[in-house]
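Here come two complexes built around chain A, the first alongside chain B, the second alongside chain C.
Coming up: the complex of A and B.
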């Protein structure tokens, strides 16, 4: 029943895509400036049908309808309702349906919010967007159908992977998807702009809000994933330079470059081709990421569904997209004249773009090189954090300084007039860094430079912020918040990295371990039956011998029965100035438990400053009324 | 003579090409120095140009009955059913680290038969729990 309903809704959405493409093509030839009312209607129906198909799958999950293979494989009747709902996008098929929903919704929103733009440009955008919708719908129907049936109907489902049974599953994938899939709309818009010759300022204005939306959501999505990995994986880290993290970072670099360049296009009517290339590559990189993750080519510490047969289809889709965009780009691209003065905001935005592309290429090479090497020579290698530390971190220093100075330079031709001011701030940052270095303990030269430059950016941004408060104008608030957030992020990561304490040992129940200024007392183990798992809880008492403080930490080992899996839950005590992080794991045939204790200073501030970066984007979106 | 515009364009082009080449060269060079080679115990045994003291990864199966733990470290044997290598590790083992399951150890070789790991990675196999593990935990927790 649900299966048929779902498939019919999908086919209706597919049919509407064809119809919209056809009517748009006809409509383009008509020599007036009005878009056919039918197009609005059909696009609206398309949204309704695709949302209904998603709700159908949701109903399947809520009612535990195991006649659907997807529900059978990813749900269980004793799972809490919360995770039944989130399970809808916990599998590959379900998340692909979410993906399609987002493309469809963005297609509709772009159509109704861009009334001011040129008709032909809007129609072409719609056509390209519907080609994307078609591509993914066909993929869904023939390869990854969430509505496939199973017979005989099983009595019970296999259950959702316990690592995914976490509140973060509810927000992390949707946020990332809005961010990544949202970039489809300016992919289509860029193609449309090439075909319809709709360039310059108008084009920049029509795509800017969509770039902002997807940038904000991508940023938030990456942060949410990072927080999730921090408390779920039990390593106490939040970024591992794991291939799956890297593929999420690549489109982010492209879109961040785009977000800055589009301003140049808007204000100076220049670098049009570059903006188009960035629009195209952001979405292409998003799909590339999906391909790498879903095909199972990458080895990752993170959990996600993968299957090689999907890979081939996504690869095909990707090839068509890249091929089509290359052809359209080179066929329609016209020569531009550039007129840049070295000392201008434009130049600094290009410098930003250079950094973004340098980071992007480093991550791309680091992620893909092992895959190619293994395919060519059978040698298995992995590229880990040391590579990224060497390649990326030294450039972060320069990047932070440029980030502080760049916004102070005006458009067209404006020298940097505040050299004395910058020198004073630099001296102040060096002094502050020296204080931290002397009082709390020493660190490497590179760390010194990173912390100095991050303080340099922080002071610059705070100074600007006060300027705004004094003059009571809202000029550039969003930029300042985002840049300040970035400065703080790097600063806290630097501090956190250098002052973290980590201690690993094995302990039996009742034993005591002394280390640093702490005493760890493994009091007891207790067993708790919870909704769909059994928890083995360790009771630990941590005594701070210096301050005579007592803290209770309760890490858990969770035993799930459907499917049979163990997971380790860290016990994290978060305070304003530091996190205490304890994990406990059992060792086969031994009474010893493997204990990992970490003290991570300013952990919460890393999250707060990262969230600040994306808040900057939201401020611009709402304050300036970009969405009109 | 070249006009000023052409001159500035040429210099822009030259600067970008030089920047591009140096950055790619820099990236590739750092890559060469910072990759971790992945070897099986057999490969580790027969590979001749192996640098002892350089970080590598050893992968294979945890040998049955080989896990031993005391208050300082965990010792176990990685096997590929032809050759094996003894691993010593002090730190946290990941989810699903267990006997007769796939494992990857990252660290340094002391000699051809002894490996000191700084990190253990276990391969995710979501639908599996080592047999007997559950009973063992049940007995341990009161």
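Coming up: the complex of A and C.
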């Protein structure tokens, strides 16, 4: 029953896509500036059908309807309701349906919120968007159908991958999808702009809110993923330059560059081509990332069951997108001349873009090079943190300084008038860094520079913030919050990196280990039966010998029965100035347990400052007038 | 559409990247070394921990069977398996144990062997771990049993225990 309903709804959505494309093409030829009412209606029905199809799958998961293969493979009747719901997007097929829902919703919203834009531009955007919808719907229907049936109907499901049963991961995919898939709308808009010759300020204004929405959600989605990895994977850090993390970072660099350069297009009617390139590449990079993780080329929790036909289909879609955008871009793009003064806001925004582009290329090389090398020479290499530390970190120093100074320069011909002020702040930042260095312990020259420049940005932003409070104006609060968030993020990362303690040792019950100022006592082990797993809980007492403080840490090894999996749960004591992080893993054929203890200063501040970056975006979004 | 060098380069790059993606789709992704059983070990050359002597795959052909054991003093499970290596050395006539000291410190390795006895007929050092990785090792302790033709007969991932001891004795009778 659910299967048939779902499939019918999908077919209706697909049929409406064809219809919308057809009517839009006809409507473009009509010489008036009115969009046919039918297009609004069909786009609205498309949203309704697509949302209903998602709700149908959701109903399947909530009712544990194991007649659907997707529910059978990714759910279990014992699972808490919360995770049953999350199971809907916890699989490849379900998440693809969510993906389609987001493209469809964005398509509709763009149509109704852009009434002031040119008709032909809007219709072309709708046509390109519906080609994307068609591509993904065909993929869903013929290759990855979440409504496929299984017979005889199994009595019980296989269960959701236990490491996906985590609150942060429940929200991570929808957030990231709104971010990544949301970028489809300005991909289509950029293609439409090239075809319909709708350029300049109007084009910038029509895409700006959508860029902002997807940027805010992408940022939050990446943070949610990072928080999940910290709490769930037991690696004890916030970023590992893992290829799967990197593929989410690449579109983020592109979109961040885009968010800044679209302002130049709006204010100065310049760098149109560059804005278009960024619009196209943000979505292409999002789909490339999806391809790399879904096809199994990069192994991770996102890989799901490996099915080569899936990879081929996404690759085909990716190839069509890339070649279509290259042809349309080269065919319609005209050479532009720029006439920017060196000391002007637009030049500083361009510098921001060069940095973003450089970071993007570095991460792209680091991620793709091992794949290329393995495909061509069978050599396996992995590019890890040392590469990124060498390539990216030195540039962060300059980037932070530009971030602090850039916003203070005006458009067209500004000039930086506050050199004395900057020198004072630089001196103050150096002094503060010196204090940290002297009181808490030394670190490398590069760390010194990074911490100085991050303090430089923080002070600049805080100064701006006070300016706003005094003048009681809202102007650019969003920029200040985001830049302040970024400054704080780099500062806390710097401190965290330099003052973390990490100890790895083996202990058995009853043993004591002394290290640094701590004593670790492995008191006992207990077994607990929980709702859908069995937990082996280690009871540890950590004594701070200097302060004579006692803390109880209880890391777990969880044994899930459906599917049969072991997961390691870290015990984390979060305090305002540091996190204590303990994981325990069993050693095969031994009474000993491998214990990993970490003390991570200002961990919570890393999350807070990262969230602040995206809050800045939301402030701009809700500011009067941005999204009419 | 005008055709110029930059445009051609962009297209070539796109085609190249997509072709690599297509090629990568058909590779085995799960890293598993059990498929090495039945194959010959690859060539290697390592220095001794005690002196300037070196060892390579050719010299292993003189032994009827060789158990190549990858270990380190810092590796706790290696302590658990050590007594079985000693037991193998005492009981086996046809088998010699080659020790490969993985990412260790010379001082610590020697102290370890002094404390727990030395079961190895040759002790090689692999301080950057590269040779071990070429053997398909992804965690220590691991041991590889080979015959005189350098063919891998069995792999032991994790510490050797009494059961493994019996298996090794049977295989090298």
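Quick note on the criterion: the second predicted complex is superposed on the first by the 619 of 628 C-alpha atoms of A that agree within 3 Å, B and C clash if a C-alpha of one lies under 4 Å from a C-alpha of the other, contacts with A are read in each partner's own complex, and residues count from 1 in each chain.
One rule holds in what follows: a contact is a pair of C-beta atoms (placed from the backbone, for glycine too) under 8 Å apart; a residue touches a chain by one contact, two chains touch by 3 or more.
Since the model is a prediction, treat every value here as computed from it, not as a measurement.
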Chain A as common anchor, with chain B and chain C clashing or fitting: clash
Touched partner set for A:143, first chain B, second chain C, both or neither: neither
More chain A residues in contact [chain B versus chain C]: B
Chain B versus chain C as contact partner of A:376, first or second or both or neither: second
Partner chain in contact with A:343 - chain B first, chain C second, else both or neither: neither
Partner chain(s) touched by A:391 [first = chain B, second = chain C, both, neither]: first
Chain B versus chain C as contact partner of A:566, first or second or both or neither: first
First, second, both or neither for A:323, with chain B first and chain C second: second
Contacts of A:506 with chain B and chain C, given as first, second, both or neither: both
Partner chain(s) touched by A:586 [first = chain B, second = chain C, both, neither]: first
Chain B and chain C footprints on chain A, overlapping residues: 506, 587-590, 592, 594
Residue ranges of chain C in contact with chain A within the complex: 1-2, 7, 10-11, 14, 17-18, 20-27, 29-30, 76-77, 80, 158-159, 161
Chain C contact footprint on chain A (complex, rising order): 291-292, 295-297, 299, 306, 308, 311-312, 315, 318-319, 322-323, 326-327, 330-331, 368, 371-372, 374-376, 506, 587-590, 592, 594
Chain A-facing residues of chain B, complex: 9, 19, 23-24, 26-28, 30-31, 33-39, 57, 67-74, 90-99, 121, 124, 126-130, 133-134, 136-138, 140-142
In the complex, chain A residues that touch chain B: 158, 161, 163, 234-235, 301, 303, 338, 354, 358, 361-362, 365-366, 369-370, 379-384, 386-387, 390-391, 504-509, 511, 524-527, 536, 557, 559, 563-568, 583, 585-592, 594-596
